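The chains carry the letters A, B, C and D, assigned in the order they are written, with residues numbered from 1 in each.
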Amino acid sequence: MVLELKVPHGQDLATLKELGPIFLCYILSFANVGIYWNNHHHMFHSVKHVGGWVLWANLHLLFWLSLMPFVTGFLGENGVSTLTVAVYAVDLLMCAVSYTLLVIALLAQHGKDSAFARALGSDLKGKLSLASYVISIPLAFWQPLLSLVFIAGVAAAWIVPDRRFAADSRSDDHAR
Amino acid sequence: MVLELKVPHGQDLATLKELGPIFLCYILSFANVGIYWNNHHHMFHSVKHVGGWVLWANLHLLFWLSLMPFVTGFLGENGVSTLTVAVYAVDLLMCAVSYTLLVIALLAQHGKDSAFARALGSDLKGKLSLASYVISIPLAFWQPLLSLVFIAGVAAAWIVPDRRFAADSRSDDHAR
Amino acid sequence: MVLELKVPHGQDLATLKELGPIFLCYILSFANVGIYWNNHHHMFHSVKHVGGWVLWANLHLLFWLSLMPFVTGFLGENGVSTLTVAVYAVDLLMCAVSYTLLVIALLAQHGKDSAFARALGSDLKGKLSLASYVISIPLAFWQPLLSLVFIAGVAAAWIVPDRRFAADSRSDDHAR
Amino acid sequence: MVLELKVPHGQDLATLKELGPIFLCYILSFANVGIYWNNHHHMFHSVKHVGGWVLWANLHLLFWLSLMPFVTGFLGENGVSTLTVAVYAVDLLMCAVSYTLLVIALLAQHGKDSAFARALGSDLKGKLSLASYVISIPLAFWQPLLSLVFIAGVAAAWIVPDRRFAADSRSDDHAR
């Protein structure tokens, strides 16, 4: 899950300015991958046991996250257009869908009355993100830049940490 | 073990369509690496101790898995042909062979009456996969595309999780 | 966080000599990333619990560390100039700032009288590093090479391990 | 520590044959990195505590291991010559030197009568490897290919697992 920035050749400021758009994409993608990483980490701390389907749901989420460097590069190197923003939004949507499926698989294993289900709560933010990504795709066909700003807004909303699972996490997990 | 997709330049749909074949290869390889990852994870949870040969058997498996990005790129960038599919099938065969050797090394350490041996069972799916990859190589010389579809079928059969070891796994292992 | 060295083509010593500057940058960046890695590892061993803000502070640090391969390549491939050294110094400054923010977030959670706060002490070396990077940026506009030597000096000062947290670390954490 | 193989373009056997030399280098480097990985893993299982110098000795080893993809590519893409083999041998020598320094740092912490010191024994194989790499460098100036074969022989000697630490390792460490 390594995002990559190509090294430009040149020693003047203009060289660096050209990197502006791809750098902004890099920040946005880094934030999104980081949000999943943190929430994923938090969520699995409330988890008591993992069965086979959870592993596959997890792998499914990893698949869409693994495409982030590709869609980031596609957007950053080709610039903001309907196609590049739509592809970016589709990948984020699929990340959100696969995360939701992972939550469902975990809920199925733990039961509706489990500590995990109580810790999860209504998952309003997750549902709103899912809806936002669905909206951002047609929006990219009308106003690609607005769609991208909208996507960045969703990421910003997630920067406020998800308190539901935070209490369960212990220090040693984050030391690496 | 990072699979890579090169970023294309262009803003029309045709640019993306050209990526179709390599994207399908990417999915197939991601699934295969994921299958090994999951099963490997499951298996080592039933393992009580690891001796020197197990480490080397493990490294041997890692070697063939580490070639997956190469054989995926070779297939995806050059298209379906006898050579590209055969190379892909040979790597998958060697992954299956080295996984089998790892199982044998673990069995030798634990003994035939151990909990590990009982958890492993007859390993029918492993043996069938091995046989399938052996068949897919000559098949690539006759019908490369059919061979590839056959290989994809083996991966699909593995998506159903291996229940033998699933009961032993605990939540914290999958949290990272 | 992988630093990369491009493989040159040629079989004479001159080919290798051309790599000299980028190799020195590689060493400097490897040392800097290693310093953060070691200190980060040490610090989290004194940590009792992690809340949401610590995770984001951690991600923030990771963001600036993830830019190290880029700023290293920019400096190494374009040579020592005001722009390349200033960009390198800015990234190191931001790493130091985000590390300081991480320490502040951890202090806020543990309290001023906690074992963590006592273990941290006055963090004089951290504050001096921060000040050094602030100085190195304008220095790059006057004497880029001197600025780089100054930056290397800060790294050298860190090679002496930070004894504050060392006593808390246990062997198994460093085995991977 | 990812070794890389570039994907060739072409669908005939000749394309693959050209990859022969670099593939052999890849195998040799994979084996060497794997040997360090396994022995390192084994050794740290006998370790009771880690102080600051051990961390830096560890980082030093990591530095030379991180150059393996570079020296492998340099050898594989430019072919067997005095320069390419000598560079490869120097990196392996520095890996062996830094591993020895790591052992010395660990011995200094544990004392000559510790369980660690007893488990380590005389480390004859480590000393012989060190001597072999010293010999392989001048050998590369006389007979580069012979030097490379000699280096491969050292790796082969290590494939027999180091029994000293094997008994201490437990299953869960190797599960990832």
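Keep this in mind: a contact is a pair of C-beta atoms (placed from the backbone, for glycine too) under 8 Å apart; a residue touches a chain by one contact, two chains touch by 3 or more.
It should be emphasised that the depicted structure is a prediction, and the values quoted were computed from it without experimental measurement.
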Practice item. Between chain A and chain C, two touching copies, which fits better, same or different residues at the interface, with half of the numbers shared as the threshold? Key: different
Revision key, fill the gap. Farthest chain from chain D by C-alpha centroid distance is chain A
Practice item. Provide the C-alpha centroid distance between chain B and chain C, rounded to the nearest whole angstrom. Key: 38
Review point. Chain B to chain D: how many Å between their CA centres?
Key: 27
**Study point:** Interface hub residues of chain C, defined as touching at least two other chains
**Key:** 2, 41, 173
Check your understanding: Is the way these chains touch best called a line, a ring, a star, complete, or other?
Key -> ring
Review point. Which bits of chain D are touching chain C when the two form their complex?
Key: 2, 40-41, 44-45, 47-56, 58-59, 62-63, 66-67, 70, 73-74, 77-79, 81, 83-84, 87, 173
**Study point:** Residues of chain B touching chain A in the complex
**Key:** 2-3, 5, 7-13, 15-16, 27, 30, 34, 37-38, 41-42, 159-163, 166, 169-176
